[in-house]
Each structure stands twice: as structure tokens, then as C-alpha cells.
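I have placed the structure first, in the form of C-alpha cells, so that the comments after it can refer back to it.
As written, the chain order gives the labels A, B, C and D, with residue 1 at the start of each chain.
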């Protein structure tokens, strides 16, 4: 029963996120990292059809054999697929086709969920739901990009306001003692394979900020010439700043003599007390260098996290995304979930204003290339 | 009255062409040369608003000032614009917004057409209608590309069948005598500025085919290894063949042991008697070389055209697109219409199955880059 | 005897051109259009070895079988070859190896020239000499590019001074009457295949300048904002100006408050009376448009040329490079000489300060892509 | 005295490495990662002139002010510089100019070394020598690339033979117990800043191979289809394999029915017992995955290294290149040495057959992008 409830809750939430969109908004892909919303809706459905219904639910009738080609994301095991850059070139399947696809699969899943399911199958369904929750966050980030890069800058919604608690004016640091800490997931609930392999690490003593860097603090860096002083940047970051002519966080525009940024309600003045958002790893480390500090490692973050408040921004850490001791991939397509991305990416910890409720946890390891900033990313300092 | 009738006929025809589309089909831009259908609908409307209503119809209220940025195509005179490659990244204005834009402008044009109009204004309206007719042809070619490159290969329409007259089996050539011929537009009707400057040319005697090359004839070239024999290709064409791995005309697929091609009704076997379509200038000249012949020049074509049947394909000629003697650009934005493209393009003559009725004429000079083949292009031989 | 003398004269001249170079100057390729001088020396030698000695001189011993791969330029008939962009990556064969290669081939050619040669063989040798003369001009243009783009801007020679005759201050135009003119090569001497097919053209009456545009005249265009006024440019040319940030002819630098340019003697102030040099077709047509004139066609040029002085600059014409009536390629590799380049290039007529003596003629058709300007190109106006 | 001896020894060794080269070999840059040998000779000299002689040796006369522009590598602090991809476009300064530059600086350094030097200055000279030793290794790797990618595949030397000790047939693994280990440099000798910050890490128990993977072992992977089985590759690595069409280690060619590779003596059959060389991080991890093992982390490597033999290959580790706890950059240009590269690179440990004697050490942290393989890189397994 719980699993069926969870299934229906998660599936409905995807539709809810897309409710304010016009049909045209479902179709476009302004940059390669963004996928069209209709693709997310189809791909998350394809996951249940491909890994649950087709192999495990006798009598299930595939909705359309061509959809495997269209909605496969990166699973080499499952066959050929539309190349990523082409997703925005596909006007068909139409949005209404994908809605019927979702209904078709959801209906079959209802029946399937009413049968006796092995633990393995239940685990696979839970994985599918967590997978869809990850795509819900991507739906938010991609919708913001699609609307925020349109010259008309249309609002997504009048009511979706996130309120932030203004941080205390001084920045108190939490002092953590050197010693052995246990890292990685422990418990009976769901987690991704990259969190497993709970293991001991030794940490030197360190201090970690109890709050995130605010817009006002970052503006000081900008006004001090942070974007034009190479000394604070990685060589690769400095090349990025010059090549992309970066001068401010993503979505920021200097209009009418003040800094404004695109929000869910359209263009708005930047609120100084709100936590900084939409910056790359390069910017995060440059800011930290300018402050004479650094970012925490993912281990420092996890050790301190029970004593911190977090969840407004994905927080860049100074850790590259690498396997924990004893990490092994699952056999088959599911094994392609995480391990194959463990190179050239940095770990982010925490969660953001668009992370689904109860989706993240202390041991959750998010990861992105250091140049990306369309996610809701922020900075926590350490020293 | 005639002008108003013409205006309404042309404007309705654009809507008629788009009638079979789903909303999503209006949005995408699979390659840079293709524009989203909604962009064509907006751009042709913008032309009337920008060059007629705003400067010449007192009291006209602009629909939306942002649209100038969105729907300007290449007129440097008229200000900044969305870069061409970004057209498919714009979900807004939505299709329904553009429909309201068309209605707004059409309504104002009705009133404007009821006023006393100078000859100059009337000429500008006629230019706007011919401009929209050119975009109607592009609507067809771009829609075919959008649907024909979708992995689902959806049909555009069940009924849009073009029937071709099967050519006689032998290929009779028309013998044209050497001598002086007059080239360029003469008359009172509409023509583009690139057709003006009627002038004398001297032609050597030549022979020109009375019909177009058929699919079956081109298949002989393919089966004789035409795509792998560099001797028939320009160096630039040979690089193109190898880089793009070209093995057949655009839209052709070798399926189930036979050549099929995407048509308005979806994938269909290639009919051997139909005129060949969707080939580049490189392919046209390689085929002609393999036959031991050549393409006609645009002058040879124009001199012989009264005695030929034409209009199923745009016919590549061996003439580069260059100004006629005495060519001058009109002042202002209208002067950007043709002259600025007179480099690195080849002239095509005739017209195609999707050219609007009465749009083409003997002296019409179409032009495209030699590598392009999403237009309805074909081959006529000369020697 | 004459042929043997000609052979030795031409071959020595290539060495003479390279005499001022350091070994390192023979090796580099700063852009794809430039070839390393040692490559030119090897390639022109390879021509005689490949097309004369190996097929026609029994007992000839090939210098090194690998050289066919290294020194083939674009002859598909003759096998695989180093791709053009890689020429500057090859440190071997060393310069001294290539000198020995030249000696080896020259020695064999002496013996070969002493035998009884058929007319066909003699014609092939003459073609090889004209081919080497074309590469002698490229040696000059490429050496100038290699030295002129080095941050040290070393001089090529202290003594190589070309003196120009200052043009009269007014610009007298030659009036040419409308009528029939004969175009193309006539005579018994050598010409390239692209000049053959002498034929009649009809020209409207026109005026053509008796002299070339000077640096001072072009400076007026620059100072009038010519590089920032899109109205005078082809769309493709305007994209080029913006993308490459072109603000002046190639080799011009604004230093110490005045325009200077790199010359054979290093950086020198621009002399106002000298004929303008190193401009693209785009710049040539933009200048002509700004003057309210145009470039001559290649037919207008050829018809008037006997009454003009020419030879200081290759003069851009308004003619695309296309085959003359009746043009046919020779069979085999020699047939790849000209015809395969007859697309996307513009014709230049005349000759330049670095064209070998007696190499050019009235009917000579040079051709380059419209964006290129490392050749010694200039402007003659028509109207 | 010792420092002066060291200076002369190191400086002579650079010349010794280049002795077998022809002048042309000093000039070319076949790919961006390779620098022309003459550039290395100039750049290492520029280091002493810029950081020692000019600021600290009164009366020193700069050799040529333009050389700062030519030979600066990446120090933003020290001004503009030739962009990296242009290094191979510079024929000047000529090799003989650079030799004179070296003599000029070496002579001044002799006098400088005879004066009383502060500890800080002495440390800077030692840094300059270690810097030159790093470029000596690059001289070897770049020379091998320049000659090994020339179609003539010339030998570097007849005598430079490295002999390898054939490994025992079974692969014994060293068992390391879990516990706390000290990582980072300790001692009075020279080390780079990235090795400082000696600190404690906790390691789980692990096994590490006592020897490197051999060519024969890697051939088993190749013959088992390793390059065409995506399951063993990172997503980024798999894209690399397909894009670059990688089928074997760098320098390997399948000739006459067997695998051969370019060596210092030209093309030679691959010796099965020799340690594998010239593979990327992607290949290293794919091989390890195929064997059901993994690479060691840099901490596991350092903890076990005293009990291992190493030094024939730089060994890829599973550690990203990140700062040690407490890492700080030195102020000024010297601070640009290491820290700014600490993103998107993987650590290699050990040393190679071309690492200068006594240059490497237990705590040495080499680093490269995961796709690069022109260094002498190999594989050591762990589990």
C-alpha cells in the first residue's frame, strides 16, 4: 500500500511541476545540459516500462516500440538512442502523446503494484521513484533555464515563492575536532549505490560555516573585482571566465543601475540576504580564495551536517566524485546509474529549494561538472 | 480591391499550409537553415508591421515591442535580433500569441488597404506578399525537414499528393542557336530587384534537355559508384561527401532491400519516373559530369525556358549569383533584400511543387549555397 | 635547349627565393592556407618525379617512396597524402633532405631533357615549370605570412624593394563601348586549361579605371567608418568582419599614432601613394560600394586590359570562377589541376609584384576564396 | 658549490637530451599538449632570467625584451604571452638564438651563484632546477611525439635502450592493513608545494600489486574486446574511445600481422614482458574494471610505496588532483606553480624511464587530464 501511495504521489508531482507550462515550453532545449520537459516526462515513464513492466509484468503491452529510441537517456545496455543534443529537435511524440504514455504506464503499474512483488522488484520500483524525483529537480532547473533565457522572460508562476531565513549578520563557524568519522549510508531506507560502502575517514580539525554565503556577500567579491583577478581562479576557471565573459552568477542582469535576476516571478531585484545561487565550482572556489578560506570536503560536510541547517542550495565541495572503498556496479543497465560518471565531476552536498521533499539525506552525493550552474548551487565556507 | 484580395489570399495560404501541424511542430529548428514554422508566421507579419503599418499608418498600435527583436531576420538596419541558431530555443511567443499577432496586423492592414495608397506603398505591400510567398515555400521545405528527420517519420497529410507526368523514355534535347539574347525582367508586373537590369548576352550554340533527370536515372549514377568516384566532384564537393558521408539524396533510406524516401505521406518507395529531388549543387554537377554533360547557365536556361516545361523542381544552374549590369540596391532596409547575398551562392531557376502559384516566372533568380538540399532541387542537363 | 634552359632557370629561382631564410623558417605553417617553404620545394620536385621521371624515364630510381605521401598536394588520383593542416607538423624530411631530393631530380631531368621528347612530354614539362612558378608566388606570400606573423617581425631582406609609380591624382576612367568581345587564350604558347575555350561575350558599355586604388584612398574609406557600416558589405563579408574583428588590411598595425604595415624590410609606415594590398574580396566590394562603383567582371577586365597597365596586384573581379564554354578536364591526375576548384571562388586578374616574370598574361585566371588576403591583392574600380 | 654544480649539471642535461635532434625537430608542435623543443629550452632559461637575474642580480642585462612574450608559459602575473597553440608557428627566435640566450643566462648565473645568496634565493634556484627537470621529461615525451607522428618514423637514437626487468609470471599482491598513515613530504630536501601539509589519513585494508601491468596482459584485454565493451568504461571515456577511434595504446600500430610500436629506435615489435606504456586514465580504469580490480588511490600508493619497486612508468591513481589540508599558494608568480591546476586532473605517482635521476620521490604528485597519454604512463592494480 505504501509503495502504491508513494508511486502515485511521485508521479502526480511531475505533472504538477509542469502544470504552468504552455505546450511550446515542453519542446525546446536551449543548451545541451537542459532537456525538454516533455522528454523528462517520457523518460521517467520509460524507466518503469523498460525495467519493470516489460521484463516483469506478463501480458504488458508496450505503448510504442519507437519510444525506447526516443526516451533512453544514456543506458548503452538498452540500445540506440536519440543523441542528447537532438532532444530539442523532436516535435513528436507530441505532449498529448506523452500524457497518454504516462497514463498507459501508470495504469499498468497500478495492476502490477497489486500483485505480490519480490523484494528485488520493490527495490527497483523505489529506485524508479527516486530516479523520477531526480528528474523533478531537473524539470525545475530546466524550466527555469528555458523561460529565463527567453527574451520575453515570462514568469513561471505568481505564487511559487520560496522564503529564506535571513542569516545572522556575523558568520559563526562550527569547530570540528580531528579524528575518525564514519562516512556513507547506514540504515534500511533507500539510498543510491554511490553512498554505500560506509567507511572510516580521518579528518584534521577544521571549521565549517553554519550558513551559506549570501547575495550581498558575493556582491562584495564582484565589486572588489573578483571576476577580473586571475589569482583567485583555477587556470581552467579563468579560461572559462574569459571565454564565456562571465561577470555575475547565472540569471543576473544589471538593469536600471541595479543587479536583478530572473526568478520564478520574472525579473526581480537581487535580495542581499538571500543565499547566493547559480554559481559554478570555479566561482565557488574563487570566492572562497578571495575570503582566505576554502570549501569543505564532502567528508567534512557529512561529519558536520547533523549540526548544520542545509537544504536551500546544493553546496559545492572540494571533493571530486570518486568511488567509495568497495564500490561495485550492479550488473546490467541499472549498473550504469552512477559509476560511469565518476571522473571529471565535483561532489555537491545538501539539497535545494527544488529538491523533492525527503529526497535528499546526509549521505546523498550529487555531482556536476565544475562549469555548470543552472542547478540551484551555493557556497558554504570552511577553513 | 485586387490588392486587398491578394493580401487576404496570400495571408490565408500561410495558415492553410500550417493547418496539419501540431503545436509542437511549430517550435523546433533541427538545423540552422530550417526555421520553426511559428517563426515564419511571425516574421512575415512583422514585415507588414515594420515596413507598412508603423511608418505609414497613423494611429497604428504596435502589438508588442519585443517582437521586433524576435522576428527580425537579417535586416541590420532595423536593429538587434535573435541569432539564427537560437530560433528553435524560443518557446515564447507561443503559437496562439503569434496567431493573435497575425490577426492584429491583418485587421490593421484591412483598414490601411481601404485608405488611398501611393504607388510606392502599394509596391511595398506587393513586395511583402511576394516575401510571404517565399516564406510559404520555406514553410513547406522546413516542415518536411522537421517531420522527415523525426525518428517517427509522421505524415504531413494523407491527401497532399503531387502527380508527375512521366517523361518520355528518350531524352530529347532542344538545340539553341548561338547569338544575342535579352536577359532580365521586362514588363509591368512585380519582380525582385535582382531580375532588373535587362541586358544583352551572347550565347554560344548549346543543347538543353527538355525534361528533368528522373530518380531512375540518378539511381544508375549511384549504382555505378558515383558517390565514391572523386573524378566527378568538385574538390569542395568531394570533401562534403566524405565529411557528411553522403550516399544518396536527402530523405532517401535503404530499407528492406530497396530505396525509399520520406514524402508528405511518410516513408514510400522511390518512384523511378518521378523527377529527382533534394540534391545539392555538388551532386548535380557530379551527375552531369558522369553523363559527360553539364548544367546550363542561368542565361541559357532563360533563353530556352519558353520552349521548356518547368516548375516541378528548382533547377541548379552553372551560374554563380552575381549582380546584373546596373544592379543597385534600394535605400534603407528594403535594399538588404537581395544584393547582400551575392557571393558564394549558385543560381537556381524554374520553380518547384511547393512554389506558390504564379510566384515564379521566366526571369526569377533563386539562389542557395551549393551544399544545401532541403529545397525541392533537381537537375536539367545541357551540353 | 630552350626547354632545358627554362627548366634550370625556373628551378634555380625557387632556391633563390628561399636563400634569405633560416632553416626554421622552412618548417612552420601558421595557418592552413600557408604551406611550409620546404613543402613547396619538395612538392614542385615531386611533380617532375611523379608525372615525368617515374612514368616516362626508364631506369629512373625513385628518391624515397615515402615522399609521395608527404608531397602530394591534392591529387586524389595519385594516392593518400598528408592532410593539409598537418604540413607544419612535419620536421622530417629535413631541409637538407629536400635539397638532396631536388638535386637528385634535377640531375635526372638533365638527362631526360637530353633525350628525344614527344610534344606531349614537352608540354608536361612546361606545365611543371608553370606549376613551379605558381608555387614561387606562393613561396613569397607564405614567407611573408610566416615572418609577418612572428612577434619579432624579422625582415626578409634589406634589398628587396619594389618601387611603385605614383598614380596621377585624378582617376581617369577608360570608356569601353558595348559590343562583342573575344575572351580566352589564343596562340601557341603555354596556357592553363581554364583559359581555353576562346569564346564571344557581349559586354554593355562600361568604364574601367586606368589605375589601382591607393593606400591613401583606402584610408579614406577606413576613416569614414567603412569597417563598421554594414550597408557596404555582403552578409557573408559582414559576418567575417565581425567574427575576425577586421579593422584594416592584412599586415597593417596602428603603432605610435600612425598606420604601419609589415613589409619585406619589417614594419614600415604605410605609403599613401602605393597601391593598396592584401585585402579580401569582401573588402574590395565594400570599398567599391562606398565609392558608388563596382569591380569589373573578368570579361570587362580582359577586354580593356591591353589599354591598361597592370601587374602590381592581383585584381579582384566580380566574376565567380566557372568553366568557359566547352571546358573539359584532361584525363588522369593532370585533369585535377583547375576544374575541381570551380565553385565558391572569385576570379582575380592581372599579376602581382611577386608573380614570376612572364608568368601571367591577358587571359590568366587566378582564383581564391573571397575571404583570403595573404596574396598580393588589390582593387581596380569600374562603373 | 653544490648548488653551482647542480645548476651546471641540470642545464647541460637539457642540451644532452636535444643533441640527436635536427634543427627542424626543434620547431614543430603537432598537438597542443606538445611544445617545440626549442620552446622548452627557451622557457626554462626565461625562468632563471625572470625570477632570479632580473629582480635579484643588479646590473644584469636582459637578453631580449621580446623573449618574455615568447617564453612565458602560463604565468598571468608576468604579462602577456604567445598562446599555447601558436608555439609551433614561430620560426624565430631561431635555435641558434636560443642557444645564445642559454649561454647568456648561464654565464650571468655563474657570476650570480658566486655571490652570497640568501636562503630564499637559493630555494628559488632549486625550484628553477626542478622546473627544468620537469621540462626535461617533457622534452623526452614531446620529442617522442614529434618523431613518432612523422610518417617517416625516424629513430631518436641507436643507443638509448631502456631495459626492463621481466616481472614474475604470477602477480603477487602486497597486503596492507587498515589504519592511520602519514601522507605528504617530510624532510629538509626540495619538494613542490603540493606535497606539503603532511597529514593523517585512514585507509581501509587493501591489496596492491607489486608490479606493473605488462604489454602481454593488456593485449589479453584488447583481444577480449576491451575497446568495444562500454561496460568497463566511464561515460566520458567511452565517448573518447568512439570519438578518437581508439583501439590500442598510443604509438601502437598493427603491421604485418603483429602489434608494433614506435620506440626510440623506430618501429619495433611490442615486447610482451615490458611494462605497458602510453595509456590514458580511461584505459587504465577500463583495464582494471575488466580484471575485476581497481587502481590504488594516491594515499594507498604512498603508504605502500616503500615496499614496492617503481619508476618505470607514471602510475595512474584513482585520486583527483586536489589540495592537501592546509595547502596555500606562495605569493606572486611562483604561487601559480601548482594550485591553479587543482581541478579536472588525476594524480599519477612514481616516475618513468625519462624522469630525471633523483627527481621523483615517494610523495611526488604528478597530474594530467584523464585523456592524455603521451607521457610514459602505466597501470598498477589494487583491490
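Quick notes on this structure:
Just so it is clear, a contact is a pair of C-beta atoms (placed from the backbone, for glycine too) under 8 Å apart; a residue touches a chain by one contact, two chains touch by 3 or more.
Small disclaimer: the values here were computed from a predicted structure and weren't measured.
Of all chains in the assembly, none touches chain C and also chain D.
Here the chain-to-chain distance from chain B to chain D, counted in touching steps, is 2.
Separating the CA-averaged centres of chain A and chain B is a span of 45 Å. We define each chain's centre as the mean of its Cα atoms; on that basis chain A and chain D are separated by 37 Å.
Chain A and chain C have Cα centroids separated by 57 Å. Among the residues of chain C, none is in touch with two or more other chains.
By the touch criterion given at the top, residues 22-30, 38, 66, 69-70, 82, 86, 88-95, 146-147, 149-152, 154 of chain D touch chain C in their complex. On the chain A side of its complex with chain D, the touching residues are 74, 76-77, 178, 180, 199-202, 204, 206, 230-231, 233-238, 281-282, 285, 294, 318-320, 322-323, 325-326, 335, 340-344, 346, 370.
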